[in-house]
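One structure is given below, represented as structure tokens, and several questions about it will come after.
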Amino acid sequence: MKSCCFRRSPGADLIRIADTAIDPDALRRQLFDPAAGAYCGFEGWIRNLNEGETVLRLEYEVYKPLAVSEGEKVLAEAAEKFPHLHAQCVHREGLLEIGDCAVWVGVSSPHRDEAFQACRYIIDQVKVRLPIWKKEFYASGDSGWVNCERCAQH
Amino acid sequence: MKSCCFRRSPGADLIRIADTAIDPDALRRQLFDPAAGAYCGFEGWIRNLNEGETVLRLEYEVYKPLAVSEGEKVLAEAAEKFPHLHAQCVHREGLLEIGDCAVWVGVSSPHRDEAFQACRYIIDQVKVRLPIWKKEFYASGDSGWVNCERCAQH
Amino acid sequence: MKSLTVRYFAMFRENAGIAEETLQLEAETAADVFFATRDRHGSGEPLGHCKVAINDVMASWESPVSDGDEVLLFPPVAGG
Amino acid sequence: MKSLTVRYFAMFRENAGIAEETLQLEAETAADVFFATRDRHGSGEPLGHCKVAINDVMASWESPVSDGDEVLLFPPVAGG
């Protein structure tokens, strides 16, 4: 277990569930630190196609109490594995349209390797561990819950 | 060699040398595509410390003709290796202050793996191949050209 | 017999037609609750693709359940 | 003897005190140009850490140079 050699502001590592639009630009500014030489950001966007079906919109259901506590665990694990300065994650709930940002992860660190690795770790874990479900509404009029086998690589 | 299965707008993959501030939010919007489910962005920020010396500001010298042609090669290689929808890179030249964004790379793709990998490939190659040099100005009054042995991991 | 409150989420809630119910069950573990309520949440999903929490703490399918516990049944998650 | 225009960048330009000069050199390859001008660009950097371009095209140190070529000598790069 590596210890983190950088000062970390209390509450700087944060997971949040949002019912309004994510603003990546405002969020990345919160990660600014004069000691940071690298920033890596990831965004999950709602796309118009999944498994060959045309998607019109999407609804996220989130069980907040556990989504937040599990997200906090993920951020803490990332800080152990890839020491960085700051990391945050915001996930949407409710109805989203094509092109909307469903999830944002940002990491700042002195060097780029930790920024990339921590960001990747966080999004990978968030997708498979947080109690969040999405229901897709298709052009055909059908709708369906996406399961993790189908979305694992997205 | 994998072929890219996604339509690519002409000129969508672009390298640019900028003498004014980089606007990551405006740039990421240019990569939007309804078929994109993932976006990965990297930013290099000027930090206040390098090899133990306090840095006050930094000057980038860029040999534009070859920085652009070599950058175009890097973006083309990334598209071969990690098929994605859109990628762009902007690098600053001239004087920068602590916290300024020196380089930005953004990649959008259907799935996140290609977005992360293409983004990482582009920044790694940009740092070691483009004819760009940086001179650091220290609190001590000294200044010095940073060489790639010292900055390789940043 | 134990009195257990079972909460269904997403697909499970839609299949069950209710968000939660209190049941009297012969159940030792969270897995027992999953199988005892399978007809209600109507899932063909294998246990290994689903998750469970007990009293708002993530648990494993082998976790024991006690009288009065609230058991949360999560279908396959799909964040991001 | 070949007439070659040599351009210095960054640290090399500062060391040489000039951005470019035209020299008459006995040089077969780009590496020959690097070593022939080493006193002028004053670099202790090993060849392998530096780069070269000929007539605005990235080249290798083994690339041949011809009379009239413009040879660009790049000290270690440090983008990003």
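Read from first to last, the chains carry the letters A, B, C and D; within each, the first residue is number 1.
Everything that follows uses one rule, which is that a contact is a pair of C-beta atoms (placed from the backbone, for glycine too) under 8 Å apart; a residue touches a chain by one contact, two chains touch by 3 or more.
This is a predicted model, so every value here is computed, not measured.
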Partition of the remaining chains by touching, absent chain B: A, C | D
Greatest separation from chain A - chain, by CA centre: D
Distance between the centres, which are taken as Cα means, of chain B and chain A, whole angstrom: 22
Separation of mean Cα positions, chain D and chain A [Å, integer]: 48
Chain B and chain D, separation of their C-alpha mean positions in angstrom: 26
Centre-of-Cα separation between chain D and chain C, whole angstrom: 71
Set of chain C residues in contact with two or more other chains: 80
Residue numbers of chain A (touch at least two other chains): 44, 112, 123, 154
Contact graph of the chains (line, ring, star, complete, other): line
Which chain pairs touch, all of them: A-B, A-C, B-D
Complex interface listing, chain B residues touching chain A: 24-25, 28, 32, 34-49, 98-99, 108, 110-113, 115-116, 119-120, 123, 153-154
Of all residues in chain D, those that touch chain B in their complex: 9-11, 14, 45, 49, 51, 53, 56, 58, 72, 74-80
Chain A residues touching chain C - in the complex, by the definition given at the top: 44, 60-61, 63, 65-66, 69-70, 91, 102-103, 123, 126-135, 145-151, 154
